[in-house]
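Note that the chains take the letters A, B, C and D in the order they are written out, and that residue 1 is the start of every chain.
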Amino acid sequence: MNKTIAFASEAVAGIGDGTTVMIGGFGGSGAPIELIHALIDAGPKNLTIINNNAGNGHVGLAALIEQGMVAKMICSFPRSADPKVFTDLYLAGKIELEIVPQGTLAERIRAGGAGIPAFYTPTSYGTELAEGKLVAEFEGRHYVQERWLKADFALIKAELGDPLGNLTYRMAARNFNPLMATAATRTVAQVTRIVAAGEIDPEQVVTPGIFVDGIVEVPDPEQEESLNREGAVYP
Amino acid sequence: MNKTIAFASEAVAGIGDGTTVMIGGFGGSGAPIELIHALIDAGPKNLTIINNNAGNGHVGLAALIEQGMVAKMICSFPRSADPKVFTDLYLAGKIELEIVPQGTLAERIRAGGAGIPAFYTPTSYGTELAEGKLVAEFEGRHYVQERWLKADFALIKAELGDPLGNLTYRMAARNFNPLMATAATRTVAQVTRIVAAGEIDPEQVVTPGIFVDGIVEVPDPEQEESLNREGAVYP
Amino acid sequence: MSAALDTLKLSSAQIAWRAAQDMEDGAYVNLGIGFPEMIAKFQPEGRDVVYHTENGVLGFGEAPAAGEEDWDLINAGKKAITLKPGAAFFHHADSFAMVRGGHLDLAVLGAYQVAENGDLANWSTGKGGVPAVGGAMDLVHGAKRVAVVTDHVTRKGEPKLLKRCALPLTGLGCVTRVYTSLAVIDVEDGRFVLREKLPQLSFEDLQSVTGAELKIHGDVADLAVPEL
Amino acid sequence: MSAALDTLKLSSAQIAWRAAQDMEDGAYVNLGIGFPEMIAKFQPEGRDVVYHTENGVLGFGEAPAAGEEDWDLINAGKKAITLKPGAAFFHHADSFAMVRGGHLDLAVLGAYQVAENGDLANWSTGKGGVPAVGGAMDLVHGAKRVAVVTDHVTRKGEPKLLKRCALPLTGLGCVTRVYTSLAVIDVEDGRFVLREKLPQLSFEDLQSVTGAELKIHGDVADLAVPEL
């Protein structure tokens, strides 16, 4: 079994117009910048993107949006130090936004991966984000029904990967990545280093390979925060 | 912060009559034998026990049941190589049984720990185990509503523990232990070795200390399987 | 008829061998406790299969030698196992996320009864005793293919493949293929479709020990297995 | 009145200092993005507090020196952090299981408005622009205590503590204590209960800049904070 993919361009080749894509990361940490840039190079349109944020500066997710490739964002916090790209398009009515509380976003993605079509959460009960949603009472408290969230593709960033697709992460770059890996029809991870099967201790695997379809080695991956401090623009 | 408890007897001291206790393990792997035996020594009555199984032989959970301390078992599979203790009491109508599919049991415990009062699962739809439960249709398929499961106490087994309560596990002894740690008002873990804070790599913590109230060091813990092969009986 | 079937029919090992031939290279597979576990022995050469067990291991291998067991390393049947390179451990909720979330390619289970609509009964004989379900009701949902390995008839010679199950159900409409001691049968659109049968067995004889109509779509191949 | 309050009132640092005094030894605490983050600076000597951040870190410490940042190690405000011994990493679902599951002892948040029934509005001004909620709606549920740090009035001098919130709600009945620039106020049984006020401020003056009735149960202590 060898899930290794040689080039990022090959990894994103199946992402056509209208695809729903989960992109890992929380702000810049854990954002698969090289996979996103490969996706920009590929150029599909009308994407629905699921990410906690809506990009920052002019690289990564912000650049994807800037290229006009994104029809809809599903996220919790589309503000950032420099959210100009998304803000302009949103205020011009050129991009759709579904705002989801962060914990609900995480749980909906987990539910998608775990075969749980719906669950109840106290989050957002009584607020405008619960409007139109089912409410139920359990043990004297009110909860909102939320649905699972799945995607056609997940593009994630990990630290080590083996040919079976087992993954580890690096510090807080873990965030949404292991969840998104489980909730997409096809999951591709960029990893800092590919190691032989067995080199990742079975106790330390965070994402078991069953959730992963492809891995691409990207040594020394770019950090969104550093790129933005340098004023980088992609492409 | 130091969550270390010197003796197993002290760790189970708060478990009074009528308490609901989650006990980790899948069969013998991951079963906190020494904590269970301390609980037998303490002798509370009318316990409700949540475990995947219902004990094996005459040690650990089987011994707890044999002592007449358990009023109700919530489990998926109360059969084993030598389930005589539970079987006799059950057939005599002396112990109550709630049978829960294994994946539903795991998910209900996770939900208890994650503040999710209810969720939908395809498991058991159309079977007698779904009788009396709410059913809903999502995307053309039927699902059963299941409720969270919580406990007053969780007794679990881990491998390494630090004074903050961070835990790692050993191989397939992980099973229900990390889930139960999250779903009880008070969680106590027996660990093979207590190490200093910082000795467990933050990447390798499986149960973060926030879920753990006490840890007891039990070097060279007993294995239920080995005890039963020796014909051991407790007390 | 019954006596003739007994001499004709495949052994459990042969049923397991046949089921093993359908495991695809790269498949993630859960083999149910008991009889289905035997399938791993017949994994075809050159095909990589990753085995999943409900209690939190992916990528396990054969049983260790006697005396070499580590009782923290067991499968769902509580038998000692070993690890292959690239194995992973995880907790029970993640393990059943793999199952329920549709990440397994194949689950193979035993059966008391299978109905032509794909219903499966394999957890309770409906009599007294202690009920025990384990992971059976979870495993029938989520895997892309849910196959059954079974004798074609009960010990008393009664059909196990039926129009409707009489015993308590494990899952509705979940079985996609049945490997029996006499035939290989798919469940398609609520009907049994015969794919392979023992060459020595006439269609009529097979039908006579099957409790629901066997449809034929296209060729019926010979069910050919080695001596084992 | 407004001018007098401006000279009297506590600085943000002083409000943060006061809130920090209530963090108990051994507490698990989430400090919201922005102003609440400042509370960590005033953690009392001798008390161990473990900080949680939504993006998957427990047990983090102060910001690193400029130039020492690792951008894989940030908090929910996307600021670089460091680790204390005994820290742990986990994914977002586990992180919010900690929040929603009631495992935090304390969450401290900012506020646009707080109502006497404990309702909180802190995520949307209700005007146009891009809506963004982040983890606020999750954090208001689950923590054993949900406290707010805020100026007592808006920049225009309007009360932020009200009978009912006018702005879009973050959560219903969730706030348990409010630390303002003038007072410490608990929410109990749907009413504001005054616990501490600046000694130089009369009860009547405090009430006049508060949009709901302040109840007094027992003593009202002096709100005493150091120069900072």
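Some notes on this structure:
Basically, contacts are C-beta pairs under 8 Å (C-beta built on N, C-alpha and C of every residue); 3 or more make two chains touch, one makes a residue touch a chain.
Everything numeric here is computed off the predicted structure, so don't read it as measured data.
With contact taken as defined at the outset, chain B and chain D are each touched by A.
C-beta contact counts were set side by side for A-C and A-D; A-D has more. Here the CA centre of chain C is 57 Å from the CA centre of chain D.
Taking each chain's centre as the average of its CA atoms, chain A and chain C sit 37 Å apart. One inter-chain figure worth recording: chain A and chain D are separated by 30 Å, centre to centre, where each centre is the mean of the chain's CA atoms. Residue positions of chain C with contacts to 2 or more other chains are 57, 89-90, 93, 96, 99-100, 141-142. With touch defined as above, residues shared between interfaces to two or more other chains in chain B number as follows: 107, 110, 114-116, 121-122, 169-171, 202-203.
In this structure, the chains touch in the following pairs: A-B, A-C, A-D, B-C, B-D.
Remark: chain A residues 1, 110, 112-116, 162-164, 166, 182, 196-198, 200, 202-203, 205, 208-211 touch chain C in the complex.
On the side of chain C, the complex with chain B involves touching residues 53-57, 69-74, 78, 89-93, 95-96, 99-100, 124, 128-138, 141-142, 168-172.
Within the complex formed with chain B, the chain D residues making contact are 25-26, 28, 48, 50, 52, 57-59, 83, 85-90, 93-94, 96-104, 141-142. By the touch criterion given at the top, residues 26-30, 52, 54, 76-81, 83, 86-87, 90-91, 97, 99-107, 109-110, 121-129, 169-179, 206, 223-226 of chain A touch chain D in their complex.
Within the complex formed with chain B, the chain A residues making contact are 107, 111, 114-122, 136, 138-139, 141, 143, 147, 168-171, 202-204.
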